[in-house]
Every structure is written in structure tokens, then in C-alpha cells.
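Labels A, B, C and D are assigned to the chains in the order they are written; within every chain, residues are numbered from 1.
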Amino acid sequence: MSERVNVAVIGAGRIGRLHAGHLAHRIRGARLAAVTDIRLEASRQCAADLGVSKVFEDYRRVLDDAQVQAVVICSSTDTHASIIKDAAQAGKQIFCEKPIALDLKQIDQALAAVTAAGVKLQVGFNRRFDPNFRRIRELVREGAIGEPHLLRIASRDPEPPPMEYVRVSGGIFLDMMIHDFDMARYVVGDEVQELYALGGVRIDPEIGRAGDVDTAVVTLRFAGGCFGTIDNSRQAVYGYDQRVEVFGSKGMVTTENNTPNRTRLATDAAVREDLPLRFFMERYTESYLNEMNAFIQCIREDKDPPVTGADARVPVVMGKAARLSCEQNRPVALSEVS
Amino acid sequence: MSERVNVAVIGAGRIGRLHAGHLAHRIRGARLAAVTDIRLEASRQCAADLGVSKVFEDYRRVLDDAQVQAVVICSSTDTHASIIKDAAQAGKQIFCEKPIALDLKQIDQALAAVTAAGVKLQVGFNRRFDPNFRRIRELVREGAIGEPHLLRIASRDPEPPPMEYVRVSGGIFLDMMIHDFDMARYVVGDEVQELYALGGVRIDPEIGRAGDVDTAVVTLRFAGGCFGTIDNSRQAVYGYDQRVEVFGSKGMVTTENNTPNRTRLATDAAVREDLPLRFFMERYTESYLNEMNAFIQCIREDKDPPVTGADARVPVVMGKAARLSCEQNRPVALSEVS
Amino acid sequence: MSERVNVAVIGAGRIGRLHAGHLAHRIRGARLAAVTDIRLEASRQCAADLGVSKVFEDYRRVLDDAQVQAVVICSSTDTHASIIKDAAQAGKQIFCEKPIALDLKQIDQALAAVTAAGVKLQVGFNRRFDPNFRRIRELVREGAIGEPHLLRIASRDPEPPPMEYVRVSGGIFLDMMIHDFDMARYVVGDEVQELYALGGVRIDPEIGRAGDVDTAVVTLRFAGGCFGTIDNSRQAVYGYDQRVEVFGSKGMVTTENNTPNRTRLATDAAVREDLPLRFFMERYTESYLNEMNAFIQCIREDKDPPVTGADARVPVVMGKAARLSCEQNRPVALSEVS
Amino acid sequence: MSERVNVAVIGAGRIGRLHAGHLAHRIRGARLAAVTDIRLEASRQCAADLGVSKVFEDYRRVLDDAQVQAVVICSSTDTHASIIKDAAQAGKQIFCEKPIALDLKQIDQALAAVTAAGVKLQVGFNRRFDPNFRRIRELVREGAIGEPHLLRIASRDPEPPPMEYVRVSGGIFLDMMIHDFDMARYVVGDEVQELYALGGVRIDPEIGRAGDVDTAVVTLRFAGGCFGTIDNSRQAVYGYDQRVEVFGSKGMVTTENNTPNRTRLATDAAVREDLPLRFFMERYTESYLNEMNAFIQCIREDKDPPVTGADARVPVVMGKAARLSCEQNRPVALSEVS
């Protein structure tokens, strides 16, 4: 366990640079070995900032590099599945940003390649590594609230993404609520059988013209009998709103939003607190670090990653079911789209 | 406006005695004139406690009493509609505990009698007079959160009612969630068009054998585009859980549970607060007083009551729609059952 | 225990009317028998509102009335001691608003009269009956925080009293901090040996010209080794600020201000809560009711009142010591002024 | 501004390793150039972990190194003053952990050397860089609370330091409350003229036998009229307690403790939150990073450091005054010991 794991980051966009920075300096047992990006300039800048000498345009160069043991895939979503297959065949350990693909067949092929190669795959559902949600999961698992009966998730972004993203993202259920579908399975510790989705355009008509909705509520029916609700909005003017609550036979656990400080100001008008942390880069700083630590530790200790192949696939199924439910205004069983 | 309003309380059970006590001493401008109960002993005890001399077994006696201007109907639900009709025909102002009836035709006949007689009718949706929920309503009405997009209500009792009540109450959607249906309309300020209900038996199989559920989630689609979710549980072990949140284009307003005190105890194990107030008699003390104050004030100032005939009827329609939705596992438009 | 206690209220000012209203209707086992006030019109109005027939200008009339068992003294402070003596000699049970007197000799004579007559005396330190502070006291007494080491009290009024009151009240340490001196002894459960006071004029120079301060901090040294601090301000623009914290060997207990509701509004500017309840009539509603309940119960069950003669005397000693300490800028032992 | 600042860390104990790690990887514009420690093994280990080649036993080696522009002094307190003098004479920019010395003459000589050399000196009062306290400072400076009238600081460690530390640290007022003296000046933005200290031994008699106290309360009188209280305990069983409150003519600002997560668990026993972060390494993580960022930025932009020479000296004066006040049980003016 004394050797450091050599890791290449594929894709030097915002999230790729974040992971690269962590791997370079803050993950014990890791070494940032290379950076690749189809925009060579992006990878060069990132590598220069972090003191890395190996920089490539083509990710295949790191797959051919025997010193590289693991890859962190942060390229655009449509490339994930094929890079996973290539990396698996090259025997690399794989961390991939979510989702693997929007197409289930592509996901299945990628997962099959991983299984065949016997490599590890961890998908970037970083929120599982957030201290708030992890604590909820622990308490539920320990039985602190007994049997889960009700789940509530509020998950609202501070502002809509650019329209060019909305047009290709797969829609709110697959680009945004997918995180909440993962969270629902994670904190309840059970699978969803059926869901019902409501969607509307309340924030920006342009989103509607692109065939998407910007406000949505999904009701979940879990196999074990728990019911859940998730709501999403593309625009919470007060900042990133990320709250989870699980209610059960012996109690309830709930979590508040993180704030930049814990001060309260009382004047003759009101008692005020500062707004929640603005967006995911501020709110989930720690979770990105934690998930990469977990990935590197799994490699070094040869353990199974904490986010499995099913964890990668099921939220996509749920996103597709939600979209269908919303279009047809009826409950949809996951088995219909799986 | 100087004269006090003479009020008779019909039905001296728990809620009747509460209203009688308020009318006797705490409502400015009211005078408790009489108490009636089909169990004469109950009304005698109540009247003796409050220094009232007129005590009857038959409520018709107070309808014949010219000095009595208003009646507060707290008898069993199945008697509400006919007493309303009788009281309206006798020209009395009417306060009636919810619901008027479980049958829509009976409700309509009662409301028609009220209209024909030109008397006032206020229904006991006391939660509208709770300082927390009233503040939410005010903020929404003032536009503090802009257009409402999402509503969330958690409404959970500390323990299930007696089985004899469960068997005749009309079920969780009509005996418990009816309050939340009223709350949904009240805080959002709009009408629901369609809903979808999930129900399960998680707490007591006996409730299931009685044909009811004890855990339920309902999703609401409002006419103006707002989506809402309500969850109910018959048993929150930590006490009465009554929280409402409205999210809109310009912000969000949310409310916490009331607690018996605001102390926090930090030890080497945890930071602890005392549990929420146990049940409705403790939690809604102030709202019961406020609603009766409002009723008396409407009489004295000849204004319309703040809870209208529609407010009395629509939640029953919603309860019936929820029951149907739950049985058939499909969204149900209110127009189907109205 | 079945008979109700006949009580006369002496002094029909704001606090007298409050107690009278409670005794008339809300204290089980009590009966408001008479109201007296040197301004006869004030007592007449109060009595009329509450349906009481006995109204007098001279309090001695109720002392002569064999039916009156107890008196509640709410007249001006300078009359308390002599009325207590008269009432004790007349064999009445006594509730007296704080303080008994600003002069220790007068207090001692009044207490001696009470002892000689064998009647009960309860002084109106109502905050002991506030649910927050009572809960702190309970937790400290139960040992939940171990041995008390540190006490912190913040006690700030929303606005200064009228200047005519400031000129005769005895100053901030005797008219305002006296409540906190009582609170300090109550929650810690120990006596103060020495204190040190800082006082300044920060809010209104007129207060300084009247020989008083409007901002003060007092440090307490308890016999058992606990240290305490109390701060007072005549003007907290955000409302009545009443917080207590006790820290000990096994933990800490602290309490927040009461608020009119528990709502939180998040906008793009801040997360806001409404201000604390404005002043003592709103904040301590429940405590006034509780203290009177306790007094009546002590009479009916022939028990000792929960606020003793020492409780009446010691805070005045502390107020005098604080004043001396502030004038001389040195620690003052209570034994110097006792 | 494009060149990175070469920094040597002197002293590779706990805090030295923390700063070294930050300088190596997390401070933009800095480069960790060397590590020195009189225990050579300690500096070797630290340097190896961080990929630094220059490792010395004697700090003078880095003063002679022309490439080193700045030093971060983390050696034992008794060496601070002389290293500052040497470093100043060598023309290095200086960051020094607090305090410079326990002897005022030594402090003055060190500050004089800094002034003579025209180098920068920043002292490690890291709490000024904590987001909570910085926000309080900002709000006070902006006038959000008007003129400061009252300050309250609670500052309690989770457990006492080792006895060997207690014996040489200078006592609670100089090793622990010194941070709070700095905080008091920082948030109020004014100087203290006089103080009064109470100290006791409540936690461990061994601390008393070493001539120190473990529980203390100090009252401050600021030049501008603000009053302040600080309490310290060597042992808060619930964890590190670090709270500040400033009350003024237009409002109040207060801050809560930081916690590892924002979850709340409600069961049939209580509503629980997890304990505050355990100690300074967890609580002040961000502040250590922020203070070093500020130091490097001052060098790069040739600005004055945000913590001045007076900031280094005054808290030591206050610590000495507090000790004297505690011994003599009387208020002590800072001018007596300055």
C-alpha cells in the first residue's frame, strides 16, 4: 500500500480541473500522472498549473501508458461509455463522471466491459460523500429512525444552465434529478419500483421550447413500501437548495442547507442569515474530495468501489421513467423502461 | 357593536368544551349563553364549570331561544349537516367543526340552507389561524416569494386514533389530510385541479383491515401551475409534525414545528432540544382562540367569515379524489368527483 | 381543596389588570373577589370588564372582608411594604409584585410581619415560571450539565421606560437587572458573594442626567465557585432580548428568544426570521399565568410558595451592591450592603 | 506579481506542518522552499511528504538563502522574538505564530527590528480569518449594528492541554484568552482601556497547583464606551465552543458554532444534532488557509499585513493585565502594565 496510484485525468473542463487539483495535492496515495483533453490547450494549462509533464490530446495515449493505473473520466457525457470500454480493455481502474450514458444499451455495454476486464468502476455521484447526506445514510442504516416510511428531497439550482446545455442534456430528469434519484436509493437503502412525475415550465419559456421542463415533482414508490417525493427547480433565487429528510417508524432525520457562515444579524427589521452556498462547486467541495479519496483507497486496498454498476444504471432508468410519466401523466413502473 | 354576542355550544366533547371555555372568558364580545349535548351529563358538567345556566339535551332548544344569536356545532360529524340546516332556518349565525359532511349532497344542502337564510357560516379549519401558517399565507399573498411553484406539507400525528374512530371517519384522506387540503388551498391561494395519491399500511395492520391506510403521499396540480406534495403519517414518534413550505419565483417561505421551550442542551453526546408540542390541543391552542375571535368579530361587524362555503366543500372533494386515486393508482381530476 | 380561593387585586394598572383577568377566568381554583385602586375609576373599569361587584378605592376595605383570603399587590412600589404588613396582620395570603421595597429595612419589616402572621408571601419574579428558564433550572438541578461553572445572561429591553419612571425607579440595577439577579440565583441554585458592575450611558443622555445608566454589565462570583455575567441594555432595537446560558462540568444549556412564529423567508437577499416578541407582556404571558397558578395552588394545598422571603430580599441587596460597584469601580461583596 | 514567493517554514510541529502543507499546494503564488526544525527528523519527514528538498536543522540556513523571500515561524514561543530579529535583519518577510513573546521588552525589540528592516510581519491570529468572525467584523465595520455597546465572547476548549504545557505557557490569560483579546479588538474595532478578571480552578486541581486557573471571566471597558465579557474554560465536554456576539445601537450580530454536518435527528426522546467540531484543527481549517493566503498576497502586492505590530503586542498586555487583575481582584488599567 505504500506506492502512490498514478492517475490520468481525461477532460480538463471545470470538473476535470477540480479532480486534477485534488489528485495532484490533496489525495493521500495518489499521483496526478497525466492530463488529456481534446482541446490540447486546456490540458496544457491544467497540467502546467499542477506541475504535470504528461499532456495529451488523445486519451488513448494514457491508456497505452503502463505507468498509469487509473483514469478519471471528465469528458463530455456522450464519450463516457466508449472511454470506459477502452479503459477497461486497457486494464485501467476507472472513475467516471455521471452519467455513463443516456442510452441504456451503451451503459450495459460499458458495464459489461468493466466486468469482463475485472477492473473497478466508480461513478461520480459525489453527493453520497457529502457529510450531511452521509450522516443521514448512516443514521438510517443504523436503524436510528426504524423502517423508512417517507422520503422528501428538495433539490433546486440557483439558476438554469445555458440553453445549449438544456438542448442536449437529456432533460431535467436526466441531467438534474438523476442526482436525486441516486440520493433516494442511497439514503433509503432500497430500490424504487414505480414513480409518477409532474413537470412544468415556470421559469423560462425557452426551456419549454427546447422540449424540457424547469420545475418538476416526482413521487416514488419503493419496493419495501417507503414513499418518496423529489422536487426540482432550475432556479432558487436564494441559492443552491439541497435538503433531504427521511421519516420512519422510530423517528426522522433531516438536514439543512450549508451556509458560508453561521452568523445571525438582528436589526429593527428582521433577524437575518446569509444565503446558502451558491452552487455545487462551493457546496460540494468536500464531497468531491471525499469521493476521490474513496476511489483511490479502493484501488490501494483492492476493495469494491462504494458506487456500483447498478448505481450507475438505475438513476438513468428512473430518469427515463420520469420523463415518460410526465409525458403521459400516469405512474410508470421502472420495469417498463429498464 | 357594544352588545355581546350570545352563543350556544352544541356538543360538549373535547373540542366543544374548548370552544365553550374560550367563549365564556377569552373572546371579547362573546357570551356563552347555553350548552347542549345529547349526553346531558356532559353539557351539565361543562356548563357548571363555566357558570352557564342554560343546559339542554336537545340542540333545538337553543334554536328556539331568541336570545341565542350564534351556535358553535361540535357534535359528531354525521349530525353537522342537519344541525346547520336547522340552525340556518332558525336564523342563527353558525360556526361548525369540519367537515360539514362526508357526503357532497349533504354539504350542498347545508350550504344552500345557509345561503337561503342569509346567515354566516364558518367552518373550523383552525390551522388557518395558526401564527406560523398565517404568516406564510401573508407572505405569499404579499408576493414575498413571487409566483408559487412548489408546495410541501408534512403533517404527521403523534399516534393513530382509536380503531373505532378509524372505522367511521371516512379514512385518512377525509379525517386527517382534509386539514392539509385546506392548508394547501389557503397558503397557495389557488385551486387544485388534479391529484395523485399513494397510500400504505406501515404502522398498524389493524388500520389496513379496517380498509384504511396509515401512511400517504398526495401530489397536487394547481390551476395556476403550482405543484404540491402532502405527506401524512398516523404516527410520528417524536410528536406532532406540522410543517409547510412554499417555494416561488422570488423566494421560499418555510416553517418549523412549535416546541414547548427554546432550550438546547449540549453534552458530550449531542446537542438536544425538546420534542415538538405533542398534539393539536397543545399546538393549536392559539389558533382555536383566533378562529373563534374571527367568527365573533364577523358577526359583530357583519362581515363575511374568513372560511367560506367553498372552503368547507372543496377539501371533501379532494379527500374523495385522493381516495379514488389511491385505489386506482392513477391521477384523478377533482372534476371527476365534484 | 374544592372551594375556590377568593382573591382581591390591589392596584388596577397594567399588571394588576393582567392578574385580575387571569384570576377571573383562567386560574383553576381562584375567584376574583374584589378590585381596589386609589384611582377609583381604574378599579371600576377593571371590575366591570371582569364581572366583579366589589370595587374599592381603599385597599383596607378588602383586608376587612372576611371572604377575601388572598391579596395580589400591584400598586406602586413605594406602597408594597406597608400593604404587605397590613395584609399580613389581617391574615391574608399575599402575592406582591417585585420589589417589596428599595429599602432593606422596609423589606425586613414586611418579611417579619409575614412570618409573625404565619401567612404566605410570593413575590412576582414571574420569569422563574417561563417555560424556557424553568427548563434550564430543571436541567441544572437534575445535574444534566454537572457543576455550574459559568452563567451568561443577556437581558435587554426594546426601549427605555419613560423618564418619569427612570427618575424614581432606583436605577437600572434595581428596576431592571433585579430580574436577572433573581434569575442568576434561580438557574444556578447558589448565592452570589461578590459582584463587579460597569455602567454607561449609550442610549439617551437624559438617562445620565437623571443619575442612571442605560447600559450595564455585572460580573458575579457565586459561593460555590460559579462565575456569571449579566448584561442589560435599555434599548435593543430588534425587540425584547432574554437569553440565559449555564455551562458546567458535564455540558451546557442555553435558550433562544421566543418569536411570534417559526417561519423563515429566503429571498435573493437573505434568509429572514421575524423579530423576537416585542416586550414582557407578549413574551411572559405564560409565566404570569403560571406564577399565579402556583400561588393559588400553594394556598389550596397549604404549601410554601416557590419564591421565598430571601428571594424577595437578595436581589435588592445585589442591586445596591451593583450600584455601589459601578460608582466606585471595584468589586463589592454582598456582605457590604446586606 | 507572476513569480511565486519562496517560503521557508521554521519549526515542523503540528502547526508548522499545517502551514507547510498549505504553502506547498494550496496557496496560489507561494512555493514551499525549505523546512527547518531543531529536530532534524521532523523537518525531514515533513519535507519528504511535501516534496521539498531543502531541509535544515538550523533556521539560519534559510536566512542565508537568497532564494527564500519569506519565513513562517512555528517554533516554540521562547524562540519567536530572536528568530524575528534575525529574519528581519536578513530582509525576510515574516509570518510568526502568536505570541511573539511573553515579555513586552522582547516583543518591542522584535517589532523594532522589523520596522528598522522595513520587512512585513504578520502574526498568526488566525481566527480573524474565520468566515464567521470575519463576517461579524464586516457587519460591525459597515455599521450594520450601529455603535457597539456590548461584546460577548465564549471561548472554551474541549479539554485541557498537557500539564507540561500549562507549566510554561504563561497561564490561561496568555496562552488561551490571548486569542479572545485579539478577537475583542478585531470585532469591536476599538482598544480596551481597563479590564477585570475572575479566575478559578474548577476542572483539574493539578492546574491550580501549577499556579494557573482553568475557568476565567474577564470584563473589558473599551475606550469608546463599549463593554465586553470573555469567558474561558479549559474543558467544554461538548467540544470546541467559539462564539462571539456584538450588540449595538442599531442591532446585534451573533454566530453559532460550526458543526460537522447540518443533520437533525428526531426520535421519541429528543431532537438531536451532532456536537460542534472538536478542536481548532478542525474548526479553523479554513482560517489557517486564509491567513496564509493573505500573507502571501501582501508580499506579492506589497501591501501591509492585516495583522499589525500593535495587534501582536496589545493582547500580551491584556493577558498580563488580566493576570494581575485576577491576582489582586481589582480592575486593572492596561496602562499599568503596558
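The definition used in the following text is that a residue touches a chain if its C-beta (ideal position, glycine included) is under 8 Å from a C-beta of that chain, and two chains touch if they have at least 3 such contacts.
Note that the coordinates shown come from a computational prediction; the quantities given were computed from them, not determined experimentally.
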item	value
Chain separated most widely from chain D, comparing mean CA positions	B
Over-half contact-pair match to A-B, picked out of the listed pairs C-D, B-D or A-C	C-D
Rounded Å distance between chain B and chain D, as computed from the means of their C-alpha atoms	58
Intercentroid distance (Cα basis), chain D paired with chain A, Å	39
Mean-CA-position distance for chain D and chain C (Å)	43
Chain D: positions in contact with at least two other chains	237-238, 250-252, 266-268, 274
In the complex, chain C residues that touch chain B	24-26, 131-132, 134-136, 139, 144-145, 250-258, 260-268, 274
In the complex with chain A, residue positions of chain B that touch it	147, 149-150, 152, 154, 156, 196, 198, 200, 202-203, 215-217, 219, 221, 225, 227-229, 231, 233, 235-238, 241, 245, 247, 249-252, 329-331
Footprint of chain D on chain B - complex, ascending	237-238, 266-276
